[in-house]
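In the two assemblies presented below, chain A is common to both, partnered first by chain B and then by chain C.
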Partner chain A sequence: MDLLTHFWTWLCGFFVITPAWMTAGAWLAAGLTIFLFSFLYKDNPFFKAAEHLYLGAGMGWLLQVSFYSVLVPKVWEPLMKHEWLVLVPSLLGLSLLTQFIPKISWISRYGFTFLMGYGAGLAIPVGLSTDFISQISGTVQPLSMMASMTPWMIFNAFLVAFGVICVLFYFFFSVEHKGHMQKVSNIGIYFLMIYFGAAFGNTVMARFSLLYGRFDQLYTFSSSKYLYATQFIVIGMVVYFAIHAFFTRGGKEPEAAR
Partner chain B sequence: MKLIKKYIPLAIVFTFGVLTLASYYVPHKVSVDYTELVSQWENIVYAFAFLLGLISLFYSHYNKIARKADGWGYSIFVFVGFLAMVIPAYISGGKQGSETGITLLGWSFRYIYNALSSTMFAVLAFYIVSTAYRSFRIKSKQAFVLFVAAFILILGKVPLGQIIWDSVLGWTKCGVSDVIEWIMSVPAVAGKRGIMIGISIGAIVTSFKIIFGIEKQYLGKD
Partner chain C sequence: MIKNQFGFVLFSVLFAAINVSAAKPSQAVKKQTPAGAIPPIENLTFADMPYDVGGTALLKWDVRPTDNPDVMYQIYVSSLETGGWIKADEFPADTRTGKDIELPFWAWNASVKEHVVKVELPNYFGEARTTGPVFNFKVVTIKDKKSFDSGIVSGKTASNWFRLDRLNNLLLLVTIITVFFWAVSHAKRKGLFIRRIAGLDAIDEALGRATEMGKPVYYVPGIGGMSGISTIASTFILGEVSKKVAQYDTQIKVPHYDPIVMTVCKEVVKQSFLEAGRPDSYRDDINQFISQDQFSYAASVDGMISREKPAAIFFMGYFMAESLLLAEVGATSGAIQIAGTDQESQLPFFFTACDYTLIGEELYAAGAYLSKEPMLMSALKVQDFGKLVVMVSVFFGIILVAVGARLHWDPFVQVILNLFGAY
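Up next, the complex of A and B:
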């Protein structure tokens, strides 16, 4: 037992993060980043390995989050204090796992129905207050404060109200879209297009800011402090692609690589 | 058998659905306590639901390795990635930082998970650009409006775009950031509100159908 304790202490000491660990981390992060970017040239084993690693790491991260922030404080610790009520959600949760045993998989319905019932019961008031009523009040309320508004603000308030009505007409399928109905719903499409365009522009910029972040980190890892991690890995990838191109020249690419 | 396989599950949906709905509108200590308790229960059940997905994923990749299916070698990396997060989490007790600096879990998060996830999303920037090329081929007036809104948004958020705007349209005394703010707070809001109102109506109706047992596809086949 003592030997085991000593081994554990030694192991924990080994995992204290030192500058060497940081350099190793830089190489790892630079490598994984470049492997994923290499897909922009063409599909390759390095990309696929990194992609699968991401899947596993994501699941590992979520598991530790649910273990340390849900299962330990909300199940294990109450059970240790003899609070037996937590057995109810635990059993409902465990019932979900019966999905793997076809003969008794119906038991999983108990867990699912709890989630569905609670989710549906919550979705109604939340949907009503945040998405339905607050959106309508947000549209109508400015129209009631026109005395304190500038002409430009009044114009904007009317434009929003007009746009919302047009969009709602576009989504109203109980009546055939003909004549005036069609004209109003067509105007609604323009408002929708502006929203989609704005959402698209925002998404593009958000992705690009992530891209700048990755390039910035690759630049950081290219310094002598990190033993030129970025340069070495980029050169390694270029050499790989060159050798691969040389050996597959004229031949068909393997199915998996396409 | 029909009772425990069908009616009791439907009764659970109805009970929790109605109680949760009622507790939102009843300002009483009992309903507040109920909401807190059931919210905790939901977290616990979701944690087990995550295990369901995890086991399913592992089972699928284990089978690929066992059958030596195409690309089975890559499946090993799923397990490697998983262990690369779980072992440090165990050693660090789920903590990313300590008094001395970052823990092993913090290291794994920063250099493995964060590097992978942010790069995966950053790669999408290139695909979005190619999508933009296709979607910006203006074929109708609606497509032109979409293009203009997206173009102004993108232009206004880069310094070069702001310089171009100021040099071309500076005489209007209207900065690109003012135009973006107006688009986002007036016409885009009108479009978004219409969509949100539609979504909320759909969600509310579907929720009622679930609570009253009209919609029960989630129960699966008997």
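Up next, the complex of A and C:
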């Protein structure tokens, strides 16, 4: 008994966050970040290790999320309260799993049919409202305040309406785009490209902010507090690539698996 | 005696009549409001908010000559029989008329002659307790720090089955369904025309290249679920691509994010191999489940692409931030890449990294164009009809609204805006 108690105390103490654990965490975080970035140079065993770890960790995380956020609160707990109605969606969900047993895989059609019907019923009215009617009202409405609009605002409202018509025409598949139709369609493309350019810049800026976050963390982990994790890992990888290049010099990379 | 009695009665009647006639002016004086005071609201009524899910009450009373910005109205609500008043709203007396209720002209009489105030009960009593029980309401008029209570009105709110305010949505839906059935019938009898989609010509080129190089084709259906339109369109394109892959006797790999999409794609690919007369070439591992975590999926597919160096990669479906991660690795590996998504935020990345890109609805059209299925062709025709409706409505709508607003025809402008109200 004493041994068990000692073991339990040791185990609890083992997981207490200490500076040593923090340093180990920093090495792990810096290592995995640099391993994934190393793909920018070329595919290598470090990237593969990080890739597989990421895949496994991602799946493990999702499994526990599905269990604790879906299965337990939405199925198990209602059943414990004798709310039997929850059995209907549960059985429909379980029917999807019959795909794995060919003899009874037809049962999964009930689940799929319900999914499709539910999805269509939910999507069609909303799509109609947002894609059609809101599109029209959103374009037309600004001009209802024409009396108080400046000439520039009026021009802007008409330009938006013109753009909407031209872009929609580009996606009109029932007529061949020739002659004047082609011109309208081309104007639509220009509007689209202006939008895509703006969206590209916006998204790239957002991605850069993510990159800064990683660099900031790598910088933090390069301090003496974390035993120069970033520097050691980078130097280690550079040495690996140099040695690898030296030994495979003149030789070809192994052919990709088919 | 009788004469005396008669005389007494006559005197009494006359005295009473004199008193009554004398009292009338004095009662009238009593009813008159003192200078600076405002009479309390007398015709306050309760109504359930029409065409809603319940929980919203409407209080109505007539607009009065005394309504001006100096006078304030306060709305009180209580769930108890006596007391328990909660202040729900406060506003100047010259605001909040029937015109401010956001319902279209066919579902609501937007009168400016009465005050109409919405009280959303879930804000004060929670969602579960507001539809069914009776609530009490009163309106307090405030002027110069003096308050005058109205009478108390009671009522309960109810959920409505039919939303008359969305009648325009219903009519459009019915029209579109009618057009769809017409299109299906027409497509089966005579066929329907769809213009050539440039990006699709590259599919044969990409598959031919893969066959010549003896390298696999990757088909990435994105991270969307099976209910997504782009994913559904992607499965149709996958069907056509895998049919050609089977005909050319090359290899295809389909890495999946969603297990349900994978199940559907398995059936699609199997069917395509069968239709191509090559059921023996079909393998179950053509469709592989990777991960349902977005970036794990991207990292893994990147790894597969960089190791196997496929000759052609298709990115068709729903993509988010992983789009560039995937497309850039594919471009680096030297594959010919054809992409298509309806996620406009990701399209720029596909433009920069892929050889051909199907923009938005071109993805939907591609499935119909390739398969020539009457049902898909009809769906595309209905979409075209919808676009035509939007184009024509926008064109005439801006002209009518601009002219109406310029000439101050407010009711006319309101009617047009109501017609295009999504609600």
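Heads up, the rule we're going with is that the second predicted complex is superposed on the first by the 236 of 258 C-alpha atoms of A that agree within 3 Å, B and C clash if a C-alpha of one lies under 4 Å from a C-alpha of the other, contacts with A are read in each partner's own complex, and residues count from 1 in each chain.
In this section, a residue touches a chain if its C-beta (ideal position, glycine included) is under 8 Å from a C-beta of that chain, and two chains touch if they have at least 3 such contacts.
The model shown is predicted, which means the values in this text are computed figures rather than measured ones.
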In the superposition, chain B vs chain C on chain A residues touched: B
Contacts of A:Lys48 with chain B and chain C, given as first, second, both or neither: both
Touching partner for A:Met59 - first (chain B), second (chain C), both, neither: both
First, second, both or neither for A:Ala242, with chain B first and chain C second: neither
Touched partner set for A:Ile104, first chain B, second chain C, both or neither: neither
Chain B versus chain C as contact partner of A:Glu176, first or second or both or neither: second
First (chain B), second (chain C), both or neither touched by A:Cys12: first
Which of chain B and chain C A:Ala147 touches, first, second, both or neither: second
Which superposed partner A:Gly93 touches (first chain B, second chain C, both, neither): first
Doubly contacted residues of chain A, that is, touched by chain B and again by chain C: 36, 39, 48, 50-51, 54-55, 57-59, 61-62, 96, 99, 112, 115-116, 118-119, 123-125, 128, 130-132, 135-136, 139, 161, 164, 168, 171, 192, 195-197, 199-200, 203, 207, 256
Chain C to chain A touching residues, read off their complex: 166, 168-169, 172-173, 176, 192-195, 197, 214-216, 226-227, 229, 260, 263-264, 290-293, 295-297, 299-300, 302-303, 306-309, 321, 344-345, 347-349, 351-352, 359-362, 365, 380-381, 384, 386-391, 393-395, 397-398, 401-402, 404-406, 408, 413, 416-417, 420-423
Interface residues, chain A side, partner chain C - complex: 36, 39, 43, 47-48, 50-51, 54-55, 57-59, 61-62, 96, 99, 108, 112, 115-116, 118-119, 123-125, 128-137, 139-141, 143-147, 154, 157-158, 161, 164-165, 168-169, 171-177, 192, 195-197, 199-200, 203, 207, 256-258
Residues on chain A engaged by chain B in the complex (per definition of touch): 11-12, 15-17, 21, 25-26, 28-29, 32-33, 36-37, 39-40, 45, 48-64, 66-72, 74-75, 86, 88-90, 92-94, 96-97, 99-100, 105-106, 109-125, 127-128, 130-132, 135-136, 138-139, 156, 159-164, 166-168, 170-171, 188-205, 207-208, 210-211, 213-214, 217, 255-256
